[in-house]
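Below: a set of structures, written as structure tokens.
Below are two complexes that have chain A in common, paired first with chain B and then with chain C.
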Partner chain A sequence: MAKQAGSSTTPEGLVVRVRDLHVYFFTDLGVSRALNGVSLDIPAGKVTGVVGESGCGKSVTALSIMRLVPHPGRITKGEILLYREREKQNGHSIVEEVNLTDLDPQGPVIRSIRGAELAMIFQEPMTSLNPSYTIGDQIMEAILLHQQCTRKEAEERAVDILARAGMPNPQTVVRRYPHELSGGMRQRAMIAMALSCTPSVLFADEPTTALDVTTEAQILDLMRELQAAMGMAIVFITHNLGVVAQMCDTVAVMYLGRVVEQAPVEPLFYDPQHPYTRALLRSIPHVGSRTKARLQPIRGVVPDPYATIEGCPFHPRCDYRKPGLCDVRVPATTQVGENHTVRCFLYTEQGEDNG
Partner chain B sequence: MARYILRRSGYMLVTMIFVAVIGFLIIELPPGSYLEFEIARLRQLGGDMAPEQIRALEVRYGVHDPIYLKFWKWFSGFVRGDFGRSFEHRLPVSELLWQRLGFTVLISVLTMIFSWVVSIIVGVYSATHRYTIPDYAITVLQFIGLSVPNFLLALVLMVFAQQVLGMEVGGLFSGAYRNAPWSLAKFIDLLKHLWIPILVIGASGTAWLSRVMRGNLLDVLNMQYVQTARAKGLSERTVIWKHAVRNALHPLVMVLGMSLPGIISGETVVAIVLNMPTTGPLYFRALLQQDMYLAVTFLMFLAVLLLIGNLFADILLAWLDPRIRFE
Partner chain C sequence: MDKADLMQQELLLDVKGLKKYFPVQSGLLRRTVGTVRAVDGVDLFVRKGETLGLVGESGCGKTTAGRTILRLLQPTAGEIRFNDPKLGWVNLERMSRQELAAVRPNMQIIFQDPFSSLNPRMTVERIIAEPLVINKVAKGQELKDRVADLLRVVGMRPEYMSRYPHAFSGGQRQRIGIARALALNPKLIICDEPVSALDVSIQAQVLNLLEDLQAQFDLTYIFIAHDLSVVEHISDRVAVMYVGQIVELASTDELYYTPKHPYTEALMAAVPKPDPRRRDRPIKLPGEVASPVNPPSGCYFHPRCRYAKEVCSKEAPVFREVTPLHYARCHFADELKLRGVVG
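Moving on to the complex of A and B:
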């Protein structure tokens, strides 16, 4: 439905490609390895789910791509490539590759990309809008920054985008302050703000976690609808596998700062390859399952991020681990199907020595 | 908003009447009256007073009136701007006050502006450069500013100004200009003298306010909406000044409300050390000498300023933060 936005223009139909990204937080307690070699492909015009337990690096991945990793975090290795479509004068468009890791995180280039091409919405709609400015002011701020138009035009666009985000009475809401709106309305306002400059990627960091179930369903519908209409890619960060199944075209499963499996949504749910993905799917209840089988939790706990684990990070909890291999080397990313990659020694002999 | 201000003014009026009653009780509380001191002084000078003379004075000053009548006399006079007479200075209180009020307000307002501007800039700088060497240096200065008594700082600066800058210190003017009519040269001379009191009086307040600003801004910088502002692609400068600082100003505004009375009473000790023609030393002496009408007039002024300051701070807060706008 939204394929025209990407697949024909970028080499692999991608809008962002992350390769071997390492982000470390240098704290007083030691070095916390938040990302340990994340490789992730974000296809243009599709919804990519990023799932994993708390602390596995989902949010940090999104913030890294936005180049908003908070202090004391730093990208220590790896690259983030953004494929920007540039309109040429003869009507043809060319695709330009920008390595975001090369940019000054506060410099003008990344700032012209942030908000305009890469936008983000956050988990807490209650706190993600500035309480001192009206909704309209905050949306117009982004529009005026990235597009050349007058204040009046910007206000019209703000009303327009609020209306598209399903906001009732957008003309009055632009003059309202965040505290005058409900949580669901604020998240709609956030979505409107993020989409106001028609970005090519929208990062949604658990956008419905703080909302009640009814509102959550409305917001998810809205995002799906806007994605189809506007054709941007969405990176949907969540720990809710049900939401992933409902929302996403492809899924990346993260564990301890690495993407362990990435696949289109159906193969991932029906034919998971990585032991962690399998364990994750076994640990959630199924509606209509007749057996009285107990849910199977994943054995053990997530190791703390300050610890260094030799080999595959999942091996201490893995039922299939091969001693002498899994606890020594990190498996390489292996292709196991169409657009289906996995990092596990069940599928490859190849490993990487860095730990 | 207008209704809110009106209602608040009503409350202020009621509060003022309470303050007036308490103030009046303070006048009446000490045993004896200034009249007795006055009689004692006259006796000391050699002249004795006939009982009739004393009685005449007592009648004139209403010493034996019932207390509510005394209160009414004083209060109705006060409202009309007749604050009574200073026994010590043998002048109407209002005359004494107006003489000194101009410079007092000038110095206090300049000090407030100075400490606000400096503490916002310094606070923002040290919050955004947390745990860097300049931040540590600022922190040390802030703690020195907080812990060194103002009068000591005043003395140090006076010595410095005299020895190094060769200035004539103390007071607000050089000797040549003290009684001269206003002229450009006199004005420049005033400016030359003003920086010492402003620096001294502003030091501890600035140190404290900039500490508050730093801590508050650090909290606000962790808020999600700051991240949102960055995610929009705004420059760091806009993120800090437009989105963060505005939400970190609340405690400074609250303090503003409480610091208004300081305009007339502020830093009395410093004013005495620096020999400044302000109201602080006058208030101090009035208290020492039981010059009650003068003292209570100050008390009333302080209360009024406190109330006005709080109203002003609340209005400013409402302007700053839409969540606390009324009605």
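Moving on to the complex of A and C:
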């Protein structure tokens, strides 16, 4: 049943490519530039971490790719490309490129993709599960929508996927309501639901933030196991750098609606290039470091989303800023290593038009 | 120096056998059908000027323990002795409301959520001034000056005092909460998850502020948190709670690197380390955290413990000093070779 995502990709091995994505929220208070030129590559069959502080746009990025940006938000510029495998009559398969930004967010094409090829799990399993339906009904809903099978078969699949998600007594749990389960078990149910149609990309938006540390470790372990077995790409959205280090193959660091650095996980932690990434790593206590060294906070605060900042969004808090450059122009994305890109004038003279 | 000597001069707080039970009521007549043992026999002492970390998973009773120590909740049993700078050693559990009012200025609390712990209808000035007004410490211009000082102490501009909480970010609100806690020059501050709701870059600012204030005003903290890296950073000693009991208490280094309780070992293995070259598999804890309504027989941790033997399900282990000032509640604390956070 598992679709090997490795075969369903472009030559570059990507499953989703986001280019210069702008999402603005047109509110009564003004325009909030939630995404201000996000470029992000999601490799197939790997775990991509998206880290950043609240309001940096990491959740909006995932919602945009799912085409679920809530009102009054709109994609104003940029493109989101999904690479999906299509079978041809002669048995060969080809990779089809779908521009998700062109689709009607309520139209049939995105609805056939959402839930089937792109799935999502959320932070708070209690609020994202419907309290008035059983766990089984909620898992079966997606199966019945996307796959041709009877209710009985759908229920069997629901039990099966719950078991794979490590749920004890899955036969009884399908008849239970969300409030009858603990937080960790609800998150397992959510994961089961998201994986019920074997998606090629699973967006996990802070899936363990609300959980206790031992439960978190179990859920992370489960996700690693399922990823290895089913081969989907996971986009792991979190603010916890520890979780990123433990889970991800590649990491994108976001700041104020832009990806400022993307790199494989080891260079990101051992050789970070962007001043924000460096500052972020210095500001957290490292467990087991045995040092009582003072933490080095990032000065200032994350600016409010309605503010417009000329130039690089990080320059007001940056120790390396070059006056006349960083506060005027936005740095272009620069390649600094293998699969390692950074947006900072320390590495390029080249700028982009603001906004 | 043994504990009796320490007691006289060095200790600020000494808690023995603290219990807080809540009744479980059900039905139309609200009949009591059970008891939640939220805090079920906690022993701890706190030295002047130190930070005692209190960690554990949600529902383990760490917040209830903190509130019961402050007598914000009435203890079911046990002794809470506080070394008041004026009154000397007092037993908080026996004090009346009026008697407590004299001790309360020395014991303050900082809450987790800076969005719900500040009254949205009060200006920052009124929020910080309230304890000063209630205790008749200052009024008029003097009061205003004191509020301005407090704002400066927590790194905020006094001009902001006429604004309302909604005008501030999470980190700034937490600073306002800290200023309010500092208003009466307390000795003991219970910090209940003070940085959990903050962004990472702001966490560091608030943690540094708490450390600076501790040095500047000779404060003693009980730091309640679930984030083990934050607790390691800020604490001198750490207590680990499980189902209403402290299962281990030791200096931060000993607890993190040479734990003596299997639950501490599992916690340490579960912390996601911010280092991609150190990917450990977590220790699988079977089942779920025991219910404080109906805890297991013997050691509360035995159904999930990979070292459990027969005795563990029959006899409850006592909380004892295994090595000097390293306490654990485990039958096999002397024998087990447990893995710390570094592995």
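Going forward, the second predicted complex is superposed on the first by the 342 of 355 C-alpha atoms of A that agree within 3 Å, B and C clash if a C-alpha of one lies under 4 Å from a C-alpha of the other, contacts with A are read in each partner's own complex, and residues count from 1 in each chain.
One rule holds in what follows: a residue touches a chain if its C-beta (ideal position, glycine included) is under 8 Å from a C-beta of that chain, and two chains touch if they have at least 3 such contacts.
Note that the coordinates shown come from a computational prediction; the quantities given were computed from them, not determined experimentally.
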item: Superposition on chain A - do chain B and chain C clash or fit; value: fit
item: First, second, both or neither for A:G115, with chain B first and chain C second; value: first
item: Touched partner set for A:C318, first chain B, second chain C, both or neither; value: neither
item: Touched chain A residues, chain B compared with chain C; value: C
item: Touching partner for A:I75 - first (chain B), second (chain C), both, neither; value: neither
item: Touching partner for A:E216 - first (chain B), second (chain C), both, neither; value: second
item: Partner chain in contact with A:V174 - chain B first, chain C second, else both or neither; value: neither
item: First, second, both or neither for A:Q106, with chain B first and chain C second; value: first
item: First, second, both or neither for A:A279, with chain B first and chain C second; value: second
item: Touched partner set for A:I237, first chain B, second chain C, both or neither; value: neither
item: First, second, both or neither for A:Q296, with chain B first and chain C second; value: second
item: Chain B and chain C, minimum CA distance [Å, superposed model]; value: 11
item: Chain B residues within the chain A interface of the complex; value: 223-225, 227-236, 243, 246-247, 320-323
item: Sites on chain C touched by chain A in the complex; value: 57-58, 169, 171-172, 199-205, 207-208, 211, 226, 228-230, 232-233, 253, 256-257, 266-267, 269-279, 281-282, 284-285, 288-289, 340-342
item: Residue ranges of chain A in contact with chain B within the complex; value: 66, 68, 106, 110-116, 119-120, 122, 124, 127-132, 134, 141-142, 145-146, 177, 179, 190, 193-194
item: Contacting residues of chain A [partner chain C, same complex]; value: 53-54, 182, 184, 212-218, 220-221, 239-248, 265-266, 269, 279-281, 283-288, 290, 292, 294-298, 301-302
